[in-house]
Amino acid sequence: MTAIRFRHVTAFAAALALGLASTAADAKPTIKVGFIGPLTGGTSSNGIGGRNSADLAVRLRNADPKAKYTYKLIVLDDQCKPNIGVQAATKLGANKDVIAAATHYCSAVAISTVDVYHKFGLPIIVWGAVLPDITYGNNYKEVHRVNGTMINQNETAAKFMTGLGYKTWAIIHDTTDCGKGHNKYFTKFLTADGGKIVARFGVTSDQQDFTAELTKIKSLHPDVIYFGGLTPIGVRIRAQMEKLGVKAQFECTSGIVSDAFIEGLGKLAEGTLAFREGAPTEKLPGGKHFLAQYKKQGYSDPPEAYGAFAFTAMNLILDTIEAVGPNRKKVDRALNKITAANPVNSIIGKVAFDDHGQNTIAVITKYVVQDGKWTVWKESDYAKGLRKLKGR
Amino acid sequence: MNRAGAVFASLLPGVGSAVAVTVYVILLLAVESQAAIAALLVAGVIAVLAAARFGGMARIGKSFAERRIAMNLVIVVAALAMIGFFYEDHFVLLLVATVIIYVIACLGLNLQFGYAGTLNFAGAAFFGVGCYTAAVLTKNTAMPDLLILVVGGVMAAVIGSLLILPVLRTRSHYSAVVTIAFALMFKIFLEVNDTLGGPQGLRVDGMNVLGWVFNDNIEIGENFEASFYLNYIVLGLVILALTFIVVRRLERSWVGLNLDAVRLDETAAACFGLNITRWKITAFMLGNFIVGLAGAFYAMMIGFIAPTNFTFSDSLNLIAIILLGGIGNPWGVVVATTVLIIVPEKLQVIEEYRFLLFGALVILILLFRPEGLLPRPLRTYLPGWQPK
Amino acid sequence: MTGAVNGLLTARDLTKRFGGVVALNALNISVRPGHILGLIGPNGSGKTTFFNVVTGIYPTSGGSVAFAGEDITDFSPQAVYRAGIARTFQRSRLSLSLSVFDNIMVGNHIRLDQGLWFNVMRRRDFKRQFEESFERARELVTVFNPPLAARMFEAVGGFPMIDHRRIEFCRALISGPRLLLLDEPSAGMTHDETTELMDNILEVKERLEDLTIIIIEHEMGVIERITDICVVLNFGQKICEGAYQDVAADKLVQEAYLGIQ
Amino acid sequence: MDVGVFGQYVMNGLMLGMMYALVAVGFTLFFGVMDIINFSHGDVVTVGAFTGLATYLGLSRLGITWAPAQVVIVLVVAMLCMAALGALIAKYLVLPLKAAPALNTLLLTLMLGTVLHEAIRLFYSRGANPLRFPSLLPTNAYSFGNFTLRVDIAMVLAAGLVAIVGIHLVINRTKLGLAIRAVAQDEETAKTMGINFTLIVLVTFAISSGLAAFAGILYGLYYSEIDFAMGILLGVIGFSAAIVGGLGNIYGSIIGGFLFAALETVGAVAIPFASAYKDVFAFGVVILIMAWRPTGLIREKISERV
């Protein structure tokens, strides 16, 4: 019996400690908000950039004396894997203290988590995933998105590439909804613009060896290899293209616009093309301010391509909570009121959600890797004709 | 001492410990501050060690053995109390439900490994078979969900039967590679096979039994609303109870004896007429059935499944649970599952390191206490039975 | 070969080869019902192999085995057991982690209802069967060692070697076989223990008149004391058969053992 | 399919086969001397690769940038470290469990594998992400139609083959090899012949693990990318290869390695639309072979005393 008495004692001790801890909180009530993104794995640089940017929004808010609440950011890792994402989403949704969240860089994850947010009534703003169906595939009032979809970037991509005079394509895409989406839309626009697709391969999201596919592609001599997917596979394909002596222009999507892609390939990255919705961060209305603040906080990693979106998403959430108070339903209703009729200003310019909670981003930026940097096409030596893409 | 006194005396340790454990678990689940949780865990370990040191364990065990019916009731009450305490906390209830499901699955694997000695490295794969069965059936058929659970189990058993020939013909290392190869094959297959959702995975509809929708919160009147996870927990507990009884009775019967004999010495067993093949198949099929059933249930509860749910390391974790709990001891499974699932979830500090810790833990167990936390006791065919 | 005619177990030209090695070479052995036959010979002369072939652990390479008029050549071990042949092993193959009762019940397999439904759902009937089996086992154990009967539900690992042997005997006898194959029961036991054990065997033999036993032994004392007839093997061949005294006197046998040329 | 493409496939197949064989040989050596399966082997490959990468980074810090020197030093350091690791594993984890059931050792090594690659994931800087492995070999290439031969790949291939031949010579031509084979044959007799059993086990583990490091670095050079999980599949394939060839038989495991690679490549060619099926295909075949030849293609002698 000693054991049992002993347990009781410690139990109460623990309870006591708990009580003290809670009373020791400061005057402002603390509100929890969430962030989910890929913090580990091949796409982690984007995830961490996004995490830091969201965290920046929270820090600035907590530093602001006028703020009604103190905010605590709950950060979860979705590893860019759908089921891990669903687990993370369930965690946030199930935790009643979390009022709203900025979630997901990977479309594959986002598309599978929207149900969860709907089930738990947790308002979220997607900050990086580009698959249209995330917002347009359902009527969930809880789901919003500040960044654009993959439709426009693929339209631009097709027009641009055919414009450069390329004729034949081989498409490699990962078989997640994200890769399939890219495959679908790029094919649609490319065939419209008269491009010819000679081969098409669906690959799994953690495939290591592409020699089989590339050997096949090589024997078909396409002008361009289009890759619809994310950084890690992009790196492998490009590297193995070199090993097999595949001489084709490498064209990708917003999914590889990250420093990790360049780090992973070094010199080989040179000349890779990619397309992304939204202007480059430094050219955004509030871009300068954002980058300055980001620098000031001294994060070890860069904000990456979608940091500005993550910052905006989190800021929107915080503004809304300040306005209507920490209540999921209220916050959600308030977010849905941000429409073309009454848009709000943010560092990425005006944000207005349509009836599917989708923010409209018209501008698409064309990137090319030049000297180990993602360079806007217009300003690149390639556009100026000082350097040549493959086969031009 | 009079009769009533004696009864009381024999009940006290069991009831006392049950109450203590219940309170403890509730606290552990309720507490948020990492320090408090750590403190609780340390306290728990010390308490258990102390209990063992001063023979408390023996007394508790004794009173559980003597007052079976009473104790079972106590356990049920304790479980209900726990659930009642958290009736509206989605997250805690989700944890509890997960624990329940994993216990069921591990009971199945325990049947294979603990009794028949067939080490199945594809546990997660067969779990996955159940999950995908549920996903496909809920989407494409109007089959009643309870039936789907059963079908999930059957599918796991059927697909498992593909492995029976190689598993039977091979011995230890070699049969290990069969299940390992299958585990990997299964995951890769799911990834590359588009019709089953590929790496994207599949949505699964929640359960709906006779019009009772499991995914809706339970609302009674205006101001009472309980988490929808309660539905799953209740059903889960029922399934668990049934599984537990079946496994327990199997162990406490000639079948259990035969399985042990087969595991310990095939040749000798054969010389006394035991049909090795029959018993290995029985254990393998039944085990996979249980695992698959658990899988189907899990899929419908969690609502989404993808290949990365069913990796080789997931299979290893299932084995780790059995090993930690004490090979062949169902109660061990319960304890080990609770520890391995709840502790990392609560103690966020270690959550990141959980796999590392699992691995290290198992290594230590194998080196220093191969019989696990709760070593399997000798077989008692009829609890409380005394030779005349 | 007179015995062969009405022998309970009769091996004809039984042959077993492992690759090039001939372990049993056209062996003819027959044992009369109710007899105790001693099987002796130097190490590697094929005694245990003979048991393993008879009990179906090894397939034969030639020849035949008949039991009670039925041809049991290359029967599976299970079938041999069902036919009524039980055995013990040289290195006692008990499951040390199981209880005495469990180990004995393994031998009782043939009498126990193996149906899943019976075992899981019909617990009342199971209880009855269990109690019967327990009584049976307890009686048998009492014959060998009364104190043991009080400790039926303790792990075998905790008992001394001699009790292991006894438990093994019980495991072999519980099913009421007609032929008992004992593989060197005295192995790893002191002289006194061996004597004790032999008393046990003889005691059992008295109770079960028509039980036939084939015993492999090195202890000549044992053989002399309990066997009705001996067969001497060397290099898988029978070199001599007869009552112990005659066999012991035989020149070939002495050579085989002492290596006199 | 034209000759060039065919040649390319053969090249890919040889490359994979060589890596599998290197790993498989390790498994078979463990099994030979100890009758155990060391499932951490695959992750030792990983650790070896990461050690190599770390060494490279270190060298660059020191300003040693002459590629040939880098290659040699990276290889030597990684192989020595892994050899040491292997010996430690043998001494403190495998030998203590000698008396326990074989499955315990299997489990222990499996878990050790988890510990190893999890440790990399958690404690190696950015270890959770795929890391770029430097191409330390000349990258100029020669094209013949659709067939491209890259110097570095040719060198990697050659190196691998040399290693395989080397280990084969060690086992069959040296005193050490004799001792190893003696232990593999019959531990007791070997002991009576005055062979230090423990020492031989340690040495064997060291050799195999050294080979693993070698394989890991070749992997890095070939894919120019390594990540903490790479060893899992590699290990299992290596093990399967060893099993298919018949554990404890060096030739068997080498054959098994190349056979496995051949299966994958054939699978990839046969179903190019989803070349990832190649692994499903390969593992399926392994299971079938197990059913057909329960102790591997080249039978391992099983003697049971009753």
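Here the chain labels run A, B, C and D in written order, and each chain numbers its own residues starting at 1.
In the analysis below, a residue touches a chain if its C-beta (ideal position, glycine included) is under 8 Å from a C-beta of that chain, and two chains touch if they have at least 3 such contacts.
None of these values were measured; they are calculated from a predicted model.
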* Counting only C-alpha atoms to place each centre, which chain is farthest from chain D? -> C
* More contacts between chains, A-B or B-C -> A-B
* Structure fact -> Distance in whole angstrom between the CA centres of chain B and chain C is 43
* Asked: Could you state the distance in Å from the CA-based centre of chain B to that of chain D?
  -> 36
* Structure fact -> In whole angstrom, the CA-centroid distance of chain A from chain C equals 75
* Interface hub residues of chain C, defined as touching at least two other chains -> 57, 89
* Asked: Got the chain B residues that touch at least 2 other chains?
  -> 188, 191-192, 267
* Asked: Residues of chain A touching 2+ other chains?
  -> 202, 204
* Structure fact -> The answer for chain B against chain C in the complex is residues 246, 249-250, 253-255, 257-258, 260-261, 264-265, 267-275, 282, 378-382, 385, 387
* Structure fact -> Per the touch rule above, chain D residues touching chain A in the complex are 1-2, 4-5, 8-9, 12, 16, 121, 128-130, 132, 139, 141, 143, 146, 148, 150, 153, 222-225, 230, 265, 268-269, 272-276, 278
* Structure fact -> Touching chain B in the complex, chain D uses residues 31, 37, 93, 96-97, 100-104, 106-108, 110-115, 118-119, 122, 232-233, 236, 239-240, 243, 247, 274, 276-277, 279-280, 283-284, 286-288, 290-291, 294-296, 302, 304, 306
* Write out the stretch or stretches of chain A touching chain B in their complex. => 1-4, 6-8, 10-11, 13-15, 17-18, 21, 81-84, 86-87, 90-91, 93-96, 108, 111-112, 115-116, 119-120, 174-177, 202, 204-206
* Residue ranges of chain A in contact with chain D within the complex -> 40-42, 44-45, 201-204, 207-209, 211-213, 215-216, 218-219, 232, 235-236, 239-240, 242-245, 260, 263-266
